[in-house]
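Some structures are shown below for you to check.
What follows is a pair of complexes built around subunit A, which joins subunit B in one and subunit C in the other.
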Partner chain A sequence: MIKISNLSFGYSNKKLLYSDLSLDIKGGNIYGLLGKNGAGKSTLLKNISGTLFPKKGEVIVNGSIPQRRKPSFLNTVYFISEDVTLPPLTLRKYLDLFSVFYPNFNVDELNTFLKELAVSVPAKLSALSFGQQKKFSIAFALACNTQILLMDEPTNGLDIPSKAQFRQLIASVMTDDRIIIISTHQTRDLENLIDQVIIVDDGQLLLNESVNTITERLIFETVSIQPNDNRILYAEKHLKGVSLVRENTSGEDTRINLENLFNGVTSKPQLAKEIFTTNTK
Partner chain B sequence: MNDTFNIKRFGWVFKKSVLERPTLMLGLMLVTLVITLLTYAIVQSMAGIAKAQVSAFVFGFLVGGSFMSSSALGYFSSNSSGTSFLMLPASHLEKWLCAVLISGVIYAAIYLGFFRLVDVFFVNNYYQGLDPNSPNYQNLYHSVEVFGFNNEIAKNIFVIFFNISGAMLLGSLYFNKVSYIKVALLVCTLVIFTYFANLLIAGLFFNHIDMAIPFKSIFLKVGSAIGIVDLPEGVNSAISFLISYVIPGTLWLTALIRLKEKEM
Partner chain C sequence: MEFRDKQAIYLQIVEYVCEQILLGNWQTGNKILSIRELAVYMEVTPNTIQRTYDFLQQKQIISNRRGVGYFLEEEGMQRVLAYRRELFLENELPLMFRNMHLLKIGPEEVNRRFDEYITQNYKDK
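And then the complex of A and B:
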């Protein structure tokens, strides 16, 4: 369980990136953390991992304060940063040096994950391409079996087949007490994977809902003519018609379109808030 | 789980710190030793063995030591390596102790051992090159001996080593990029500023200043006569204690505090 209470954070004291942000993140879920470039996705992950410290407020992760970076906390959290660089070591040496810190590390799982992600390990890990290094880091992080896994733009640098393999792999390792948070600005990479959506923009939490709740309260559809409805969250014209995201008043069940949801929530945050708070009552 | 210090975990961190960057660590050590050897050989051929001993020791020990200290916690030049280091499940104390052990103890021990070997080799070579039948043999023989690590020059070099290494270690936690150059510039600026500030202040009290060594002595020259004004004994001891123990201790310990507060 991650509890963020009244978090204020900024890289300078004059301009805060987050102001009074509160957020609860529960176990057993894969969270998609969506935001524009520079919206503060990585910053939020770093506040959760304890590599950045809140200016005000607090972050509590499973009862621990991340910024203290105690070993008992760190061996339950794995953070994959956006840019990964592996040292010039053999696989054996790498495991020998790094896996010992994670009590639940499983080498058989690592081999399986590497196979699933189609990573063939050369003599030195540093010889892997950027995408391969990223996949190796993902496989290693998953094999560490930490309770919390934070991934910052994990699909950047992955080719199209690897993105699908990544989604399958993440879905396969999910357990009831695990929390996986994946930040991305490439929303399509997370479709069919996440079960919770967090959208941040301008330091504000615009949405934190499950995919089920979102599809209960919103309809994602393509129509030939845009209806005259003031409860339309987002509309985008294309060759086949108009893609719409609108309030679900008929109980219809549609498939979520993360990109349109993101565009809708960030362009009309007030309407999004109304739709979700109204339906909660 | 002991979150402050665990000997097994410390062993893992130490092993990781040494073996994760073998090229950097071994390369640095090797370059330092080669530089020492070359400096010794070149200076000996130009200015004699006594000067070669001091030059090689100062150059090798201080330059190598400063590089080693700067790289011991130098993970922060990239976001990924910095984050990975901070997220490594070990305590700040364990990570810091590893850096201290590598740059302050192991490096120093290896370097001193190597220097002694080189020195013994050159000194023996010097002895063998002397003519035992020469009337000056005894004088020449006794004018050179193996460089002692407990003499005044060595002690001063050790003090400078612990100050510079502490500054480099701390600097690597403040400056993520090219920390070595930034700290070196900072130290040089501080030394130059101190020297000229001292000279300026001394000029307010004395005329005919020939040289002013900060925190130590002022040399006065009138015609061919030279006078030395030393600091009073008590003040001198206090300053010596400050430079030998308080400042390096503060620098090394501040690195631990800074590591705790380090954000990436």
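And then the complex of A and C:
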């Protein structure tokens, strides 16, 4: 469990990126962290992993404060940054150096994951292409079997077959107590993998709800004519008609569209808040 | 699997499972794919498959034996048929009626073509 309470953070003292942000993250879920460029998605992940520290407020991960960087905390968390650069080391040397920090690291799993992602390891890891380095890092991170896995734009730079492999791997390693947080712009890549959606914008938390709750409260559909309704969160015209996100009043169970949800919640945060805070009948 | 746009994913997977049962690929009394296995196959979060299996359990199509896994119920096939018939009569048939009305196609013509279709596709098997 990750508890963020009244977090304020800024890279300079003059301008805060987050002010007074509170957020609970529970085990057994895959979280999708969505935000525009510069909204602070990576910053939030780094505050959880203990690579950046809050200016005010606190982050508590399973009872530990990341900022203290205790080994007992660090060996439960793995963070894959968006840009990975592997050192000019052999696989063996790399494992000798880094796998020892993770008590649940499993080398057989690493080999399986590398095979599934079609990564063949050269003499020096740095000889891998960017996409291959990224896949290596994902395989290594999964093989570390940490309870918390933070991934910043993991599908960026992956080719088309690898994206499917990535989804399969994540589905296969998910357990009831694991927390996986994936920040992404590529909503289509991960739409069906996500249990819980977090949307941040302008230093504020706009949404932290499960996909089940979201589809209970909202309907995602394409209609031929846009209806006259003021509870429409988002509408976009295209060839097939109008894509809509509107309040769910009929109890219909539709498929979530993360992109339209994101556009709706960031353009009408007030209406989104109303829809999600009103009590269900 | 290619998912359609409108319907919730867990329900689309319910439909997939029902189809596997109707086609005889998943057999009565047998253990079926675990939640994780089906999640990996579908490339979706295991929680979605949990929802699919909860739904199928509620319909008494599958059952959970603790620590062993999920099984197709003895009456599973009949219950899938009943469930799918209900869906067809409620959702698909009205749509077909609407089109028949719009396109002025009478029940006699549909009847004749239905018989032809069955002869062509199923009778010789």
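The definition used in the following text is that the second predicted complex is superposed on the first by the 278 of 281 C-alpha atoms of A that agree within 3 Å, B and C clash if a C-alpha of one lies under 4 Å from a C-alpha of the other, contacts with A are read in each partner's own complex, and residues count from 1 in each chain.
We take it that a residue touches a chain if its C-beta (ideal position, glycine included) is under 8 Å from a C-beta of that chain, and two chains touch if they have at least 3 such contacts.
Predicted model only: the values in this text are computed from it and were never measured.
J.: Report clash or fit for the pair subunit B and subunit C bound to subunit A in the combined superposed model.
T.: By the criteria stated at the top, subunit C and subunit B fit after superposition, with no clash.
J.: In the superposed arrangement, does A:188 touch subunit B (first), subunit C (second), both or neither?
T.: neither
J.: Output check: A:70 vs subunit B and subunit C. Expected answer is one of first, second, both, neither. What do you get?
T.: A:70: touches subunit B, not subunit C.
J.: Give one of first, second, both or neither to describe whether A:49 is in contact with subunit B, with subunit C, with both, or with none.
T.: first
J.: Using C-alpha centres in the superposed arrangement, which angle lies between subunit B and subunit C as seen from subunit A, in steps of 10 degrees?
T.: The vertex angle at subunit A equals 150 degrees.
J.: Decide which partner touches more residues of subunit A, taking subunit B and subunit C as the two options.
T.: Here the partner covering more residues of subunit A is B.
J.: Once the shared chain is lined up, is A:172 touching subunit B (first), subunit C (second), both, or neither of them?
T.: second
J.: Between subunit B (first) and subunit C (second), which does A:89 come into contact with in this model arrangement: first, second, both, or neither?
T.: Touch partner of A:89: subunit B, not subunit C.
J.: Based on the superposed arrangement, let me know which partner A:115 touches: subunit B (first), subunit C (second), both, or neither?
T.: neither
J.: Can A:30 be said to touch subunit B (first), subunit C (second), both, or neither?
T.: The second partner, subunit C, only.
J.: In the overlaid three-chain picture, find the nearest pair of C-alpha atoms across subunit B and subunit C and give that distance in Å.
T.: Between subunit B and subunit C, the shortest C-alpha distance works out to 28 Å.
J.: Could you pull out which subunit C residues touch subunit A in their complex?
T.: So the residues of subunit C in touch with subunit A come to 3-9, 11-12, 36, 39-48, 51.
J.: So in the complex, the part of subunit B that touches subunit A is made up of which residues?
T.: 1, 3, 6, 9, 12, 15-16, 19-23, 78-84, 86-92, 260-261, 263-264
J.: For the complex, give me every residue of subunit A touching subunit C.
T.: 28-30, 164, 167-168, 171-172, 174, 192-195, 212, 215, 220-222, 253-255, 257
J.: Could you list, by residue number, the parts of subunit A that touch subunit B in their complex?
T.: Residues 46, 49-53, 69-72, 74-75, 77-79, 81-85, 87-89, 93, 97-98, 100-102.
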